[in-house]
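Structures given as structure tokens follow.
One chain, chain A, appears in both complexes that follow, with chain B as partner in the first and chain C in the second.
Showing the complex of A and B:
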């Protein structure tokens, strides 16, 4: 009886290795500094992870579809700069600036999606190219200047980054809501199954009549939509932006998605696991900061922990700490 | 005759010849910048540099931008040597990696002026002058601003502060922190610097670091940030936590956002560093070198203290 219970518990653990790793980190950091688990700190971490997290939700679709999106970092800079600039433009104001920015960011996603979906170009090359191209576009648009909201007390724009409802910060609510919607879209709808099919076996999917090009196109549109949402939160949180605000985030986003267990080869991964991946990254950074480690050391430790987490995940899936086949 | 005397003699002779030429025709000065457009400071710098050159009919400028890429900057330095410019101004992308290219310029007899951020000491012998801000003094002045404010408030014997530094490994970040950390115990020996973490010149990063500080420490009286952009990030975090009133915010490189926050009474002080002064100083240094004047090796332009008390003497920064 107890044996079966242990076995089924083992089975659960094997499927949720990354969740186990997450719980271990949380306990470890709390023992180190009890303030880590303080409710304000937890909300603080989830709130600042929300920007990365929202981006990671979109990239999860792209990765499961068998592609990469390295352009999300510069796309974030673009959307933050654009929404702030239009906010300051009397012809737009906040109410029009937000939809206009979403439309412009979705256009960039459409370019990615068209090149990779319909023209079947390599996603690594296309999005690497777009990383620089969008950065250039942002600089051209802003003339290299920082964007700031001049009268911060005269606008409701700060609600997306700084507001809260029912005691929960709005960025956290946006992240949770988007995760729920996209989680259902991925797991419970025909579209979601097509994304897995295309990422799992492109050729087989095409022969089964799945419109591969359209599915890939849509994954990039979802990614762009998520980036636009993240850009909105970012801009609202700081009420200003530099041209480089998203620089380097593409790799952090990818790390969170892979950490969650999505395969770089496509065809596997879930939204829930990506959320866990995002939270692990956020809590590691925060935990090391609270531990008062020197920055250079933090950098090393962060990535050691990430590699350990991936190992733990793989090890629980295999049921062994190392692979029997070298 | 020592090597350096020979050298200066040779240089002087070359300069007299150049100076003679300059009187008859215009001089050409080439500049290769670090990464225009990456921030407002560098963008404003470039505009001011071009404007200053246009006002002087005897000066032709070749304006290049390395885009943050050290390989491209080295190629640009070599191009400027090929174009036989009369003097060269370099805003180094990397203080160490550009040294071989600077040596080539030196060997080609082209005087090199480094602007804004200096190159590593190994390269000093190939450089005529460094024109830029004195970051150690800036850090020291920020410490004085902080200390003076604490003294006014009567908490100079118990105040606890945190520091948010710039990008790790970046000379400006290191020097400002060094100046601050050296000067603070001299003026306010009982103020405790409890922790330093980098904000990477990024407002969002700085805000995240400050949030962690606010969780970790119940008592923070002051925050020193390596520039105002990060300082405003820290201020945002404190405002969100409802603790901004009890904290003195001091920064450096006064940005427009910092200036505005000072005007609102939320941010205490900073260091006024104008990219226009920076650009004009670099051009003037190059012209002085070409005119054969005795230019000091460290040709700093002044970066005064700015606080809520004296801010009316300064224009709102353009970046």
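Showing the complex of A and C:
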């Protein structure tokens, strides 16, 4: 009896380890400082994680499909710069700037998807090349200048980053809504099952008649859509952007996705776990700040947590703590 | 048989052909279209090019070894910055200051040891936990950058020592110290990879780990050694660069890993491991720096360089795949 209970507890721990760690972490910090769980603080954390989080939702699809996307950071800079520039363009204005920016960002996603899905090129190198190329494109577009909205009082553009509805900040609402839609798409639809199949076993998926190329293409389109949304929040929150606003975010996003338990080999991971991964990163940062530590201490803590999380994950799978590498 | 030799020549020579093409193109474009009033293929210009490519180049050589071994290292940029900070900050310690110029080699030693230790940590974690090197070094990229910031906050670290600057800017036959260090690293690592048991084993492990294990090769120690090597080279790169500049910013070295990987891939090393060459990487490094300088030479925006390099990287990947697939089909016939 007790044995079975222990076993099932072990099973839960192995499967939901990251969630358990998250709860323990939250409880620990709350006991130490009750302000941590304060509703304003929680919203503050989720709001500041929303940009990273929205990007991580898209990258989750790519990673489950067995690929990587290192171009999301550059793409974020691109979309933020473009939407701000078009906003200032009298021919566009905010109402047209947003769809135009989405279309342009989706074009970049389509290039990724075409090269990796249809031409079957290595995703790490393609998106590395795209990281550099999109950065160059952004700089050429902006001429190296920062973009700012001149008349900030005369526009409704700031609603996506600064507004709130029913007491909930809009970025949090966007993040939650997108997470719900994409979570259903991934878990409950035939398309979602195909993404898992392609990432789990490419050859087997092809032989069972799944259009591998189209599925991979779509994962990159979803990723680009998420980046465009994140770019909109970013641009709207700061009402201005530098050319390098997304620099380095590709790896932070990937860290959140991996922390959530998605395997880089593809075929595993869920939207819910990615959200947990994003929140863990956000709350660690917040907790360390509340503890009076500098922001960069979180980098070191994140490093240790990522390695421990992935190590524990594979150690439970292989049933041994240390690797069998001779 | 002859066909094979030709194919090999085409594959290994492609990067050099590209370099020659760039040289001619920028020279001709500069003169004919009168975009520039100076010659591009000028000896001083070329020597300077070698010096400017040294920081990324030295790291790229280490990256080649790690990638041949079947791993990758994303933490080199942070290692570079931390080694630079340790070197310059150690010069400010009281006992080091008391030593005068005799402290310089000691400061270099501290920097190199820092690089080796950071590499050792990565290597041991990859070996003992079995977590993929991509994840381990992705984490370390954040972690080591955190250490860089913890060392001196967001302030730059500086120490100007004229003897050190003189050493960094000394030249032999027009080659300045960083360029000499770079070329020496290329030579030594090339010898290690082609003439030693460790080099041969590194290729074997990258090509087929199972087979290597079955052949009695101990995979772990080779992993660790190669990570220590790339840590050492990242620190050496910092020593060569910061001895001359005398100031480290905590954001220095960001994206170095991506530039290094780009150079390595352009030089023909495979991401899957087991194949690649040090000389090819030398070509990749020079090609990137040439492109950077050349675009400036003909008056193009320096911003376009990112666009061009990204496009070339993808094109190389595509062409390489096409060539290889063709080769495989011929083999079947």
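We take it that the second predicted complex is superposed on the first by the 284 of 326 C-alpha atoms of A that agree within 3 Å, B and C clash if a C-alpha of one lies under 4 Å from a C-alpha of the other, contacts with A are read in each partner's own complex, and residues count from 1 in each chain.
Convention: contacts are C-beta pairs under 8 Å (C-beta built on N, C-alpha and C of every residue); 3 or more make two chains touch, one makes a residue touch a chain.
Note that this is a predicted model, so its numbers are computed, not measured.
Chemist: Go through the superposed model and pick first if A:139 touches only chain B, second if only chain C, both, or neither.
Modeler: both
Chemist: Would you sort A:95 into first (chain B), second (chain C), both or neither based on which partner it touches?
Modeler: neither
Chemist: I'd like to know which partner A:311 touches here: chain B for first, chain C for second, both or neither.
Modeler: So A:311 only meets chain C here.
Chemist: Please indicate which partner A:296 is in contact with in the superposed arrangement: first for chain B, second for chain C, both, or neither.
Modeler: After superposing on A, A:296 lies in contact with both chain B and chain C.
Chemist: Residues of chain A touched: more by chain B or chain C?
Modeler: C
Chemist: Quick one: classify A:24 as touching chain B (first), chain C (second), both or neither.
Modeler: Once the two structures are laid over each other on A, A:24 reaches no partner at all.
Chemist: Now for A:159: first (chain B), second (chain C), both, or neither, which partner does it touch?
Modeler: It touches nothing on chain B or chain C.
Chemist: In the superposed arrangement, does A:237 touch chain B (first), chain C (second), both or neither?
Modeler: A:237 contacts chain B only, not chain C.
Chemist: Contact-wise, after the overlay, does A:187 reach chain B, chain C, both or neither (first, second, both, neither)?
Modeler: A:187: touches no partner chain.
Chemist: Which chain A residues lie in the overlap of the chain B contact set and the chain C contact set?
Modeler: After superposing on chain A, chain A residues 139, 144, 296 contact both chain B and chain C.
Chemist: Residue numbers of chain C touching chain A in their complex, please.
Modeler: Checking each residue of chain C against chain A gives 74, 125, 127-132, 134-136, 138-147, 149-150, 153, 213, 218-220, 223, 254-255, 258, 261-262, 265, 271, 301, 303-314, 317-318, 321.
Chemist: Show me the residue ranges of chain B that touch chain A in the complex, using the header's touch definition.
Modeler: Answer in residue numbers: 36-40, 42-43, 168, 195, 197-198, 202-204, 207-209, 211-212, 215-216, 229, 232-233, 236, 240-241, 255-257, 260, 319.
Chemist: In the complex of these two chains, what residues of chain A are touching chain C?
Modeler: My answer: residues 70, 115, 119-122, 124-126, 128-137, 139-140, 144, 247-248, 251-252, 254-255, 258, 264, 294, 296-304, 306-307, 310-311, 314-315, 318, 322-326.
Chemist: Quick one: in the complex, what on chain A touches chain B?
Modeler: 33, 35, 38, 40-41, 44, 48, 51, 139, 143-146, 148, 150, 162, 234, 237-245, 285-286, 289-290, 292, 295-296
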